[in-house]
Structure formats: structure tokens, C-alpha cells
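So the structure is just underneath, and the comments pick up after that.
Labels run A, B, C and D following the written order; every chain starts at residue 1.
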């Protein structure tokens, strides 16, 4: 029986006896924990959107011949890749935070082609295994989390060179029917509220790293997993009761460290095992999808622009030219992010495996702008909010019979605006620029899918500087015209295509 | 007999006895004028590209059932709009300057749908007329220039309010078979090297401006036209002989003022006449296409990046980390422009007339970035070039037997680099950042297709701030959830679609 | 007996029975409240610095003929103004937050000259009164808070036009020996830990606003005052026990709303009463001092740069060229702020009253950069910190016997770095970029001493655009040379001087 | 007889039979060459300013006991250093270009202390020699040019490692009474219009580079010197006759390559000879002065702001809010440059030699902003100018009887503005953003006194990252409080002081 609604999804998470730790204590039932629940609500909204807008959030799957949640779908056309972006922006608009399912979606799509290529080279059978796994997920309508980032230890050293070999996830034992793995994955988005997790290597591997070249699917309920929940700015406001001070009481993201303590994975759930030369390939394809997935932040940007416009209106300054201009600037930056992301999706090309993959240059450009512009939007939003965004007394002071009336009297905005509404809007802006969802809107924008320098490296690799030099040399009269058959600086050439050409 | 090559095109421009003035004198034959010729070469390259890469630079036309130059093509699919952008970038790469044909292309496409809508409302017959005109242009393979920008005089006043009524182009006489028009069009890109010019209104008109609501095609050879050629930075270097100091000796842009002194236009070449309410509509559709056309500047950006990389290499510092990082930054900015532009094209929607029009929000975002980033690329290119880019002696000093050997000795770069090649590369960078093609790469990037504030106004109109406010209010708990059926902040909603919805 | 140490200062705050509300409850003794105490510690450090570095943090006062804390000192030379900036940066370095005493210092200095000019015009005796008041403060070594920002209500209306006349502080009753005032002051920095508060008008007043033109000193212990403590991001971490998660356990800022409920002020503590034309003057002089006081943020910037450098080192990437480059960029921006601020101080001019006032143009430029660069420093710091800055588990998870060893194992950085130290450094960066002191480092940088638009207005007023136009017109040959006697665009001309010249 | 006016200065340059080459030909008399003359006019203005505003542009010299031009003055107080900046800004305002005398001024001041320290260490007598030389210059009121930048050849190699040993200036022969030097100095600002040139090493030298450690004064008229004049954008407009198209007909900068072909220098004019360890020291002191001297560009910025304001006014849009806002932004950036520069001067410290030297950190920060902000000011100025700035026909077209009236009619701005005046203002903006003085305002801002990376290296050296780390570690609880006696991150610590402390 597949999950068909947000409620059913939430129900499906109960009773799993997960080893979740938070504030030094084991959490009995994460679903009912007020600090964790908003992150579950955000994922639930991905189910609800699929119900309300099936064109947007579901797609017919050739694997199962049924219509599946788009987060579980293997792209079969350019339109499928583009639709992911539209869905992501919409969910960003609806939740105002990270809804956590993109990692799984992007892992599924990158593994789809990597397992195919892997089999082609090694005669292995990963691709069929993987299709079976995905088909099952689609039928159950499960949430898959992707786990890539190892703790890394000394960054000057590779996995097999670390003092502690567990600092990257690895196979510690091989059995006839599967492997046992150990290690940890840091700051994993949306794991406690997933059903399955796919563990993947985090970087280029060498021959010495053979045991680290492991891709495996693990059920979240596996007793060998421990989840240590990460703190977020202002996270405990969710524990205070009241609904205002949290800013966005309903939705939040979730980040946890997953410790994998000798978990057995049967071979049917293993999708790479030792083929070290495909680790970098997988990372690159995954980040190509995933950096473009950061289009989701334009949905959050829409919320923040709306909040800034609302508070300006409540303050009675919506008509000031500098206010209008700042909203335009916010929009311009937000749409600049969107442009590169959706362009990357539109420029998708099919892999030999049949799935479609977006353009890597534009994906990296999209993500790189995401490491800059949300911070600028946040800055402008704080500008428009006024200082009260950081000095507002607590909801309890508003409820207190002595101070409440004073605040009601003195914190009134323009006529016709309820003081509480103004307070709520300020708390939303605080939430997105300093508070809990600032983690999703800012810090995750910086580091998710790779820190800024990672994008710069990819841009450098894909920028075809030699082709560009030939263009300049031709016009300067230093060299003959570049051969026309080979465009000197194809702006959208996939890194992969370039590699094929060289081979 | 259609024009089939760059040479034939150049030949077709001869002997037209145009009234072209330059440096206070009438130019006998523009084709042979060394200052004008590079701008003709750039247009010739649009013919040559069509020969070499027909997939890129031509398209089958339903109007004429023949394959036509893409600059004359009415878009019949999303792919057609996207292909325009690819062609534009390629031509930017090949010429390193403005190749001047986009205005005509974008005018044709916007008039195609405007004349259709105009007929629908007024029962006129402009659309068929216009199709016949375009078909003829396609068959002859002519260059069409678009002329939109009136001198405007006192910007605080509309056309009919000016002290001098001629400050906007207008109908001064109506005859049974056509109209007589008068006025001027300022800084017209690529007119002396066009075959026909389409005159269009430049702004929203009111009922009082009826005589100004005129769209008309005029052959460039009409004796009522006077072309006063604009100066560009360093333009006279083309007159010095030598090929180095010009920087890009082969290609340049062209800007001229066209004075229209009572030119008669037969009705068959009139495509709007008095329907004032369609003036703003035409401007908006034209600028939507045209702001996205500024993707061409990423082709120039490719050249400049290539030049910066080459000079760094010639200086022996290509390996320095800050040099590599600056090239990445240039590329990132350049591709950010490209992303929004190509995304706008990919998000094209059909008009009722059948042609496809790109997304207005992303088109404006593209152009707005074009008003910023080329200046930053130019700054970084000057950084990488070193001070010599602005202190290099003239080519003649290199040819002088006394000073030549001294310069050869002292301006040598890293071993293996010819001093003259280094000099050529510096001159190309000077050309694009201070010199003649800086006009096309910088100033035209600022003002072409509308100055920055024009984009901000369009972004403001299209940003759906009310929808965004509803998103924020919902999450802050101030208002109920926005109706799901109506996405609150559709990121790619066309302005036009929004208008239709409201109607 | 004057206060001579931080401890004595803290002691002096006890037992005042203030009406302080926090989280809906009255606080028994603010000094002992763990959430409030760090803000008191920050002020205590101003006393300690005066002990340790008297040259920096004290100055001889002509008023009292004793050496006084610099925060209570009336500037008697350019060097005095400059020394304020040096002290401010040092305290920012030592506390990593807002130490809250600048408002009082700048209020004292601006009132010193305003009361003088006021007496000159009106024959009043405010100046002597004010000198006596300041002398007493110096002798007791008290902390003075300045209270300027009224709640403002409908920003489209002036004080006397509001629906509720109390939305700006005003005189509600006049008695033979003094006045009774009512109203509120919003987001007041450092009030609960002050001894006295000086209430001042917040904006230009008209004749109708006579009752609002009131400047008065009130003891913080006055029973008519209610303090409603503002929430800050992550404020409750101070209540959790433990010292790590707070990030900067020792120091914080403090913002509260002060409600003034019919407080009687004897005339000896009234320094303006009805002279509406001096309200704007006071605001301008105060903001001139105070915008330059934001040099303090460069001290916080030093801490953040140090934290970013430390975490990069702990992560093992201190040698990466992009890391070093980011630290340079942070420093460059931080010193750019400092440059304009210290320049403003160096360019101080004496007022007729004898005190020295800094340059207004450069003060506004300093503050305007403060509304931009700390956000960029915060962004880069988050970049260098890595994603862990927002996903780190709580201190309690580190202390838990089950999860502690796991975190110890998996969150290890480069060899030789204690995991707890890495955690502490990440928490400090979180504290300054998202957490409690992000309020002081970011939001207060935006709005303190006036929001960005306020600086732009002052820059516009002081920029002498007419003088600059004359320079350009002269060089363009449009106009004769500007008279040499009158520098056309005096870069450092005080607004006030310009006013005098016109008068 | 000292030179006492601009005219006398110009007269003093005549008849020197310099070997100046321009456009491949030897220039008979540079003073009368229309392309060279504007650069001479700019220097003449430094004499005129000294006449009109002696307080600003002259100073009493202890060396000669007379009042001397400030460009020849050795700073004797902080005020002297500050006054240099004021004079520089004023001259930038008056000429709108580089007035070329700062190199000499900064060379004199840095050599003053370096020769002193050199003698202290080596027992040489350079300092007295140098004082005699400067005294003579002061008495004659001569212009001194400073020549530092060697051609450098392969930048991966030092002077003595180059294939051609002449790529850095060096001693080729030692005689009993002096030395013979050979080499070249690239892009020398203001040399043909100087009386003397001081040649200095350009970088850190090693023991192997002994012959390159040479500082020598040479009269410009020495027959061993050849000057090859550099081209500037639009330079030939000065040859066209007419005064409009040049934009700034009266003033320009000057850059030339100086080839030194075995020039004999008597020992009395040698101020360093072989003491390699002082080469880097000299470069650092010189660049410390000189990077702060770039405050001059704020004077050019004043002109450009004025031009932008004027053209906006002429276009009739001066009241538009975005126009006003752009002028404020230009001013803000311009004053930000000024702030760091004047702060560096105010923070000057005396050298043991007795002269005052500005703060190195703030000097580098000033110059680094100069490599960024003038480009942004230029961009905004082009925005405000409108497209006509790059499409305006030539002055000759305005003078032509046929086209003149057409341009007069169609290029009219708002009522009351002469078309010619509008044209002149546009040409001035073109001159400063694309044309001849864009070289001085932009490219020289980038590379003069060291390219951007050079400043970043100095900022890195001076930023005391270890001190800043201690601050952070203390607040994070990782380390004890930094010793109070030693401020951890002295913001204004001179590099030199730090060096002394370590020694």
C-alpha cells in the first residue's frame, strides 16, 4: 500500500525506534518531538503537493508504469528535468525552508546512469539491481535520503591515509551475501524523516581506497544507525509553546550526523563496490543535478521578498522609492539564480542509460550564485524590516497582562495593521535571516551540494579556456581562424561530452 | 536573386548614393570607407555563418517555404527562439563586437504578433501586409534594421507636447496611397549597412499622439534619409593604416543618427498607423525579445576571457592562483548572463499569431545583468593585462628602425612569445575595454534595448509582489494559505499572460 | 565614591528593583539573570579597560579636573575624538559584541554643543545645567544610556499628527519645578545596565510638535520606567547551562523597549524643552558622532577574521590560496570601514562650545559601509567555517556518554586540534553570523545610528553637487573656471559649516 | 632663478632636444605638440595652484628654509602628509586627469628615510647627498619624475636571471667618479615634462642582483635617454583641431617608455648602489606613500560626479529618484576611497630620519578600493549619460552647414540647454570613461603604484592574523585572554613597526 498523503507519510514514520539523539538525550518518537516535527511537515508537503498538483509533482515512470512522486522519478525527457526545478521552487514558496527530498532525487538520477556505465565497463549487474530498488521505492512512495558527505578528518589526506580509517564510510567486512559498512555521514539533510538512505562516496578515490568505493541503500530503521541531531539557530523556540517567536512554526529543515556502526547491506542493495574510478564520476553527476536543484532557494527568496514587501507596507513605507527599488533588486537577484538553474535543466542531454542530465556549467553557475545572492537578499530584507526584527520582545511579553497592552500600544504600525501581524512578519524575517530557516536559506546555500570553491573548480574545468584563447588570438591577428567545425567555446558543453571527445 | 555570401552582401551595398556624413563630410561610398567597413564586415559574417553552419544560422520559414537566414526568421517553436541565442553568442565570439542584425530580427518577431493582434481588434490588414514584406526580405536575403529610439527632447513631455513636434517620428502628411513621415532616430545600430529599416514608436502613446503611432518600412536608399555617423572611441585608428593599433581591425559596430526628412511610405509598407494603444505593446514585445538578445555579449565575453587568459600566459603568470581565479570569476559572470538569457528563450510561449516569444522576466533579468557584468569583466581583463594595455607605443613606433628594436628588446614577455603578438593581444583588450568595441561591449550593454532603469520597471511590473506577500503571510500565520490553484508567485509568468488573466 | 572596576560596576546595579520584563515575567534581579548578565559583562569590560589601559580608555576632563572614563568625556581635541575610535575598536575586539556605551558618549558630546548653541539663541541656561550633570556622572563614573528612537507609529505622520499622541515621547504635564513625560523608546541598547538615561527627540520637529522637543536625564531606577527586554536570536542558549553552544558565553549586547509612564523630571535634568528648531540639529550632531562610532564593528570584524582563520587552520586548509585570499578580502573590507571612521575623527572641527566634532560626510560613509560589509564578512566567515557551523550537535550531545565518543571520533579536524576547540570556534562563528551577537554585528550594523537610507540622505545633503557640476562644466568648456577662492567640492566640508556659510 | 608660474614652467621645457618618439617619428618640440601639450598643462597647473593657494600647495622646507612647492617637500609633520592628499584631490578636481607629479613627491619622501637608514647601517653618505639634491630641486622649483617599473621580461625570473640582463635597469660600468647605467623604465607617468628623473629598483633584490640595486637622478635632457610615447585611447582627437571631441581639451596624462642607453651618473646623484637589502624597503616605503596618493582619483571622481549630475540635468531627469540615488552611490564610493587615504595620512608616524610616513595598511586599502570603485563610478556615469555618450557625431558634423542644423534640432535636451553644451558634457564623460583620461581614471587606477594583487599581498602581511586568532580563541574559550599589554590586532600598526618589534 503506497503512501498517498502527508498524513499517511507522517504515520509511516512512527514506531521505528530510531536511535535519534537530541540535546544529549534519546528521542522517544521523533514524529512527536516539537523541534523535529516541522522538518517532517516540510517533507509531508511534498506528498500533499503531489495530490494537489499532480502535473507538477508527479510523473509517469517507465520503471513501474505508474505515476510516481517526482522526487522518486528517473528523468525521461528534458521536460522532466525542468519540471523538477518548477516543483522545487513551488515547494520553497510553500514551506519557506529546505524540504529535504532533493538529495534523494538527485542521487537516484545520478546513480541511474552511473550504474549503467559501470556495468558497461565491468560487466556487473548494478543497473538492474538499482532499477529494482527504485521501482520498489516508487511503488511504496517512500522518501529516500542521500548521504554523501563524510567527516573527512584531515583534509590533506585521502580516505585510506587517515589516522582513523573510519573517517570515510567503508566496507569493513565482506560476506557471501553482502557487505558490512562503517563510518559516518555529516550534516545529512532529511534523514530521520526518510525511509531509506543511499550512502555514496564523497570524492575522487584512488586504487588504495577500494573499500571506500561503496554505494549502498540502507533502511533508516536499521539498528546500526545512530542519528545525532544538529542544532540550528533558535531551534529551541519550537519548544517554548506559542507559535509566533519561531517565525515559521510549521516548517523547518533537518540536519543530523548519521553514525553507521557496522551495518550489513545485502548485495541487492549495493550499487557500487570497489570500482574506484566511478566515485568521482558519481560525485560529478550528482553535484551537476544537485547544484541546479538549488533553484529551490528562489522559492524561499519569493517568501522573503514577500515578507519584506509586507513589512514595508505594515510600516507605512511601501511607497518610498528606495523601498520599491530594493524589492526590485531582491527580485532581480532571485531570478538571476532561477535563470541559470532552469537554463541548466532546459539544456539537459540524455545519458546512454536513457535518463536526462542537466548542463554542468550552468548548474555550477546557478549554485555559485546561490552562495552569494541569498545573503544579499537577507541583508536587504533586514534593511526593510527595520531594527525591530532583532529587538522585538517575546510572544510571552505580548501575552502578559502588564506588558501586553504596552507593546500593543507602542508597536503599532500604520493604521489598519494588527500589531500581532506585524510581529509575526518580523519573526518570519528573523527566522529566515538569523533564525532556524536561515540555516536552510543561508548556510546550506553556501555549503550544500559543495562549497563555493567546489563550483569554481568545476567552472574552471568546463570553461574551455583554450578555445576562448583561440577566439581572441584570431581576432587579434595572432593566429588563424579557429576551425569552424569545432566551436571554440561552446558555452553549454557538458564536461562529460568534453571528456568523451578527448577519449 | 538572393544574397548568398558575405561578398555578395557587401556588393549589394555599393552604389546606393546614401547621404552618409562622417567627420563633417559626405562619404562617397561607405563600403570603401576604412572606418565604416569593419561594421559591414561584421554583418557579412552573419551571411558567412549561415553558409558554414546552416543549422545554427538559418531556419526553414513557413512564410516562404525556403530556408532563410535566422535573422529574418519568424520563430515557429521554442527551439527557434533558443537557436537565436546560440547564433548570437557564436557571432559574438567570431566578431568580438556588435554584429547589428538583432534589432531587425527582434522587430520582425514582435511586429509579427502585434500586427496580428492589431487586426483582431481593429479589423485592419496589417498582418498580411507584414507577412508579405517579411517574405520578400527572406527571398532577397536582405538586412533589416530596426529604428526605435527617438531623440525625445524634453523627457518630461510626451511626443505631442514637445516644443518641436518632430522630436519623435510622426506622420506629417496623409496621401491616398501612403503617408509622409518626418523625424529622426538616434544611435541606430547597423543602418548604413542595412537594406531596409523599420521605423517604430519608442514608448507608450496617448490619444493625442496619434500621428506618432506609425510603423513603417523604408528602403535605406530612400533619398529622404540622412545618416550622420556617430563617433566611437578610437575610431580613427582605422584610418591610420596598420592593423595592430585598432585592436580588432576586421570588425566593429556602427551607430548613426538617421534623419527622416519627409519620406513617403506606401501603405503596403505601413504596419501600424494611429492605433496608439498598441505602441506600448510593441515596445514591450520588442524589448522582451531584444533584452534576451543581449546574450550576444557573452560571445564578446568569451573573446575577452580568452584575451585575458592569453595575455596572462604571455606575461608568464598563467599559473598564479589569483590569475586563474579571476578567469573563473569572469566566466562565472559571463555564464550568469547566458543562463538568464537562454532560460528566457527556453521558456518561450506561443502568441495567438503563432510565433514564439521568450519569457519577459528572465529577458529583463538577462539584460539587467548585461548592464553590470561586462563592466566587471572589462575591469578584470584590464587587471590581468597589466598597465601596458594603456601605455603601449603605437604600431608605427614598432616599425620605426630606431625605436622598433628598443621596443622589441624591452617589451618581450615570457620566452617563446613574439613581442608583436603580445602587443596585438594588448590592443585587443584595449579595443574591448576602452576602444572602439568597448562601445559595443560596454556602453551598448548599458543602454541598448533600454537603460537599466527600464529593466527595473519591467521587473517591478512582472514580479507579482502581491502573490509573494501572500506566501509570506501564510507562513507567518497572518493569512490563510494561498489558493493552490493559483500559484502565488509564478516565476516565469509572462506579463502578457497575467494581463490576459486579469482581462 | 566613584566606581573603579568592573566588579564595582556590577555591584552598583544590584537591588534597584527595576521593572524589567523578559519572556512574560518580571525579572527579580537582572544582574543575576543568565540571559542578561553577558550584556552587563560587556559594559563591565569598559571599566576594566580603563583600569588596564588608561591612556586608551580614560581622559582628563576640564569639567571635573579629574581623569574620567572616555565614555563620559567631552572631547577637547581632535585626538580625543580619534581616541574614542581606537577605544571602540579595542572593546569590539575584547568582547566580540556591542558594549553599549557609545550611545551615551555620543549623546553627551552632541548635547554639549547643542545646549551651548541653544542658550546663545534663546538665552536659556541649558548648557550650565548640562555641564553640571555631566560632571556629576564623571565623578560617580556612571553609565549613561542614550534613548532616541521613538516607536513612530504611522511613519507618514509627524509626532503631533499620530492617532495616539504618545507614540513619540512628550511632555504631558508642566509643573513649577519640572516636567512630566510619557512615551516609549524602542530597541534601546544598554539601558537596564545603565545608571542614567538621556531621552532625546528622534527627528526634525515642527512648531506643532513643541511638547516633543524634550531632552531629559532620568535615573534608570525611576519607578515610572518599564523595560521590556527584546529577544535575540539564540538568546535562550544562555539558559541551557554549558558554555559552548552560546558561542560567546561571556559577552552580549542588550536591547529593550523602555516605556516611560509619566516620569517627573526636575528642571535641572532638562536640557531642551520646546525649542523645536534644535531637534533636527541634535539628531544630526548625534548621528554624526554615532555613525562614526560604528568603527566598533571593525573590532568585531577582527574577532570574526580571527575565528575564520582559526577554523580554516583547524580544518587543515589554512594554506589554500582561496582561503588566504578570503581572509585578505575580509580584512580589506574591515579596514575600509575603519578608514572612513577614523578619518572622520581625524577631520574633527571644534564647535563654538569648545568640543570637537567629527566630519559628517565621512561619518555617514563609515556607517553606510557598516550596513554592507559586516554582512559580507559574515558570508565569507560561513564559507570558511564549512557546513558544520550550522549542523553541529549540542554540547549536551558531546557530554552524553553514548554520543560523545562518536562525535569525538568523527568530528576531529586536523591532527593536534581538540574536537571541543573546533566546536567552540564553530559556535563563535555561529554566534556572530546567525546567533546572539549577529544581532550586534549585523542587524545593529544595519539600523543602529540610522538605517541605510538615512545615511544616503545625509550624503546627498553634504555632497555639494552644484560645486561638482561647476568642476565638470569648467573642464568641458561649458562654463568659466570656478572661483578659486571657493573650492568647488570640498570633500570634508561639514554640513554645518555649509549652513553657516549660507546664513 | 626658480620657476614661479605655469608659463615659466612651460618655457623651461623648451629647447631641450629630447629624443621623444611618437607615432614612429621624432618629435621636434614636445611643448608644442598638440597631443603632448595637455599633459604639460596638467603639470603647469601644479605651479599655478601653488601661486593661488600657497597654503595648500606649498610648504616651508627645513632643507632650504624657503617655502617650496609641496611636490618637492619632505614631510615634517602629520599635517604635511595630510596636506598632500588635500592638494592631490584639488588638482584632480581642477584637471580631471593625472597631473603626474606624485611619483616624484613620493620618491623624494621615501628616499629621504631610506638613505638615512642606509647610511646608519653601511656608514655611507647617501643621505646628505640626497638632501643636497632635493635642496637644489626646491631652489630651482623643478619637476622630478620617479621611474620605478622595469620591463621585467619573464616574470618568473629575477633581474640577474633574465636572458637579457638589461630587462631591469643596472650598472654596466663603474668609473672613479660615477656609474654608467642601462635599461628601460616602462609606462612612466610624466617624464617628458619633468626636469629630472630618479631611477629606482622595482622589487626585492637578492645578493646576485647587486648591479640592479641602483638609485640615481638623471636630468631629463641627458642625451642617453630615449622617450617612446605611449598611445592612449582617443589620443589623436587632440590632433583634429576643434575643442569638443577631445572631451577635456586642456588636460591629459602622459605615459612613456624611457630607454636608458648607457647614461653616466656622477656619484653626487647616486643614492643607492649595491645595497640590495634596501631595495624592497624602498619599494615598500614608496608604495606606502604612493598608494595613498591615489586619493587624487577622488578629485577626478568629483568631476565625473559633477558631469553625471550635469548631463542628467540637461536631459531633464535630475529629479528622478533613481538618478539622485546613483549620484549618492557615486559619492559614497568616492568618499570611501578618500576616507582610507586621508586616514592613512592622518595616521602618519615619523621615521628616524625625521620625515613622516603614512600608515601602510590604510594606504593599501585606499589603493585597493581605487582598483575597484572608479570603474563602478564610470559605469554609473555612463548609465546617467545615456547612449548618446557613445554615438554622438563629431564636432565637424555639428559645424557642417548641412548636418549641423539637423543635429541642433534633434539633439536638443531640456529647454534652456544649449545643444553644444550637452555635447561637451557627453564628450567629457566619454573622455573619462572610454577616452583619453579613462587611462588615468581607470587603467592607471588599476595598475599605478602596483596592481591589485600587490595590495593584497601587503594587506596579508600587515593584517596580523595571529593576533586576530588569539582574540577569537579567547572569546570562544579555547585560549586564555591575550596579554593586554600587547594589543592583539592593532589596526593601524605599521608594517615597519611590526618588523622592529620582531627584531
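We adopt the following convention: a contact is a pair of C-beta atoms (placed from the backbone, for glycine too) under 8 Å apart; a residue touches a chain by one contact, two chains touch by 3 or more.
Everything numeric in this text was worked out from a predicted model, so none of it was measured.
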| item | value |
| --- | --- |
| Distance-maximising chain from chain A - centres being C-alpha averages | D |
| Cα-centroid distance, chain B relative to chain C, in whole angstrom | 51 |
| Cα-centroid distance, chain B relative to chain D, in whole angstrom | 39 |
| Contacts with 2+ other chains: residues of chain B | 322, 325, 456 |
| Graph class of chain-chain contacts, one of line, ring, star, complete, other | complete |
| Chain A-touching residues of chain D, taken from the complex the two chains share | 321-322, 325 |
| Footprint of chain D on chain B - complex, ascending | 21-26, 149, 151, 153-156, 163-164, 166-167, 184, 186-187, 226, 228-234, 236-237, 240, 245, 255-257, 259, 315-317, 320, 322, 371-372, 375-376, 378-379, 382-383, 386-397, 399-400, 402-403, 406-407, 409-415, 430, 434-435, 438-439, 442-444, 446-448, 451-453, 456 |
| For the chain C and chain D complex, residues of the former touching the latter | 52-53, 82, 89-90, 93-96, 243-244, 247-251, 298, 302-307, 309-310, 313, 324-325, 327-328, 331-332, 335-336, 338-344, 346-347, 361-362, 365-366, 368-369, 421, 424-425, 427-428, 456, 459-460, 463, 465, 467-473, 475-478, 484, 487-489, 491-492 |
